[in-house]
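In the two complexes that follow, subunit A is the common piece, with subunit B as its partner first and subunit C second.
Entry: the complex of A and B
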């Protein structure tokens, strides 16, 4: 590295560092301000990634059918355990949140409900919570 | 500082291009309940370190020059109260740092469309607007760009302030070329890049509601696209 000092004009013209609130590609996940919209935005991405992961997992599970009835029935025994059903509840949470928030984003993003995004979020999340509780009770067999 | 001042620990971001990487310096500052962050920074400048670079002008959230991040949240230092024992002051995010807690506003201004006037209409010599009243709410402080999670990951995104200005032109053209402004906004790094996190609206100290304006801008862009295709 050269030890020659920089020309003062060159120093002045050099771009300064750009600070980020969180490092690199995770900067979108910084929800420290606590805005409803940002929580919705970040959780939408997380559930979206989760649903993509589930899609491939689902295809992998279905491929067990190719290995005959014994492999499939063995998986079904695992899939009906309480711990596995708990994961199903998590999946339904992801589906409900992503779907209902997607509806909100469509309404807000098209300018139809731009001034009511917060009320829309809480209304849809209340609906989602009711549906999630109903689905959880049904899945876990306590209704 | 008021007579009932307690000592607060200010953790201030320091950066000089000549001095290499940025670092944090700590100062014990007398600051009471009514003290603002800007008062604390000025105390440091006067009593502890004359080399501290800060920028301010009006002291009442009108000029938009003293935008910083205080404990991670965007705010105008002049109206942000000191509420914690430790006060971390950093420059705005997503905008290049000039020195210490001051950012270079040129890249921020360059994000606006070419039609954006350097002077407000009411300040132009010979303007048809006779009243000196300023109709524009945006003080161009840059807080919205710092808060935006999309600007944090994509420097090509023009950002909330510029798009809010574009929507403002739709509401009140004042001789601007509306079609050209809409064409500018109708871009993957323009209105369509916003992900509706509404952080800009939360950060805005001037009730511009940038996110809502971007959504309304999209509505107009959608309407025109559908109209053009039918």
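Entry: the complex of A and C
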């Protein structure tokens, strides 16, 4: 499980991930026949795009601080509703998956763990799940 | 299991290294940011009041950390956007616009973010 080699013919000449030409512009999104690596790649991109969207949403929300305390406190009333806190948990899922899967890609791509990537993936995902549960309990349980 | 199909970061080793280094830095910076903003304050959701935000960002050390976080996260985001855009099989003319496009977007994003936290720090 942990020592599955990379695909034959993928010769590494430089640091970085093994690159293969995608068969179409959005092929990375099609996971119907994909293995775990393909799912991880697609989810990494989806969470990445979601986090870019969140970056701009976050800047827009923080801009409310420029309008003074009343605008910010109005946002706080919305931000502390259970539905909004649920979105915070979704954000933390995106951060954990993208960050931990990115760590795997960096370790594998740099050659530090090229023969351990499946075990690395599941270990990091397990860690991520534990952190996500802890964060969700903290966020939703704080009074 | 491979890193995944397609070009993950625009295809060039230098770009991949930039993505990896900013990503590693973000593992630390995001953790600091999330803990500081969600797991320190005891109110629901861990969010700060207006006065608490100003006091927080008015701390010079915090200001520098948040500024570095903004720059690194924007850099990483723009590298990711570039990689996704280049995977769209754009025409050569459009593909040439991707790099300057993300550079401009990144510079504008960082500039706006720095002005935002600078104004807030000035009110502290």
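Some points to look at:
Criterion: the second predicted complex is superposed on the first by the 116 of 143 C-alpha atoms of A that agree within 3 Å, B and C clash if a C-alpha of one lies under 4 Å from a C-alpha of the other, contacts with A are read in each partner's own complex, and residues count from 1 in each chain.
Assume contacts are C-beta pairs under 8 Å (C-beta built on N, C-alpha and C of every residue); 3 or more make two chains touch, one makes a residue touch a chain.
Bear in mind the structure is a predicted one, so any value in this text is a computation, not a measurement.
When the two complexes are overlaid on their common chain A, residue A:87 makes contact with neither subunit B nor subunit C.
Of the two partners subunit B and subunit C, more residues of subunit A are touched by C.
By the touch criterion defined above, A:76 lies against subunit C but remains apart from subunit B after alignment on the C-alpha atoms of chain A. Using the contact criterion defined above for the overlaid structures, shared-chain residue A:109 touches subunit B and also reaches subunit C. In the superposition on chain A, A:41 contacts both subunit B and subunit C. By the touch criterion defined above, A:130 reaches neither subunit B nor subunit C. In the superposition on chain A, the residues of subunit A contacting both subunit B and subunit C are 14-22, 25, 27-28, 35-38, 40-42, 105, 108-110, 117. Every residue of subunit B that touches subunit A in the complex is listed here, in rising order: 13, 15, 17-18, 22, 69, 72-74, 90-99, 103-104, 146-147, 149-150, 152-153, 155, 194-199, 201-203, 211-212, 215-220, 222.
Note for the complex: subunit A touches subunit B at residues 11-12, 14-22, 25, 27-30, 32-33, 35-38, 40-42, 105, 108-112, 114-115, 117. Of all the residues in subunit C, the ones that touch subunit A in their complex are 1-9, 11, 13, 16-17, 20, 23-24, 26-27, 30, 34, 38-39, 42-47, 49-51, 53, 73-74, 77, 80-81, 84, 87-89, 109, 112-113, 116, 119-120.
Partner subunit C is touched in their complex by these residues of subunit A: 4, 6-7, 10, 14-22, 24-28, 34-38, 40-42, 44-45, 48-49, 51-52, 55-56, 59, 62-63, 65-66, 68-69, 72-73, 76, 79-80, 84-85, 88, 92, 95, 99, 102-103, 105-106, 108-110, 117-118, 121, 135, 138-139, 142-143.
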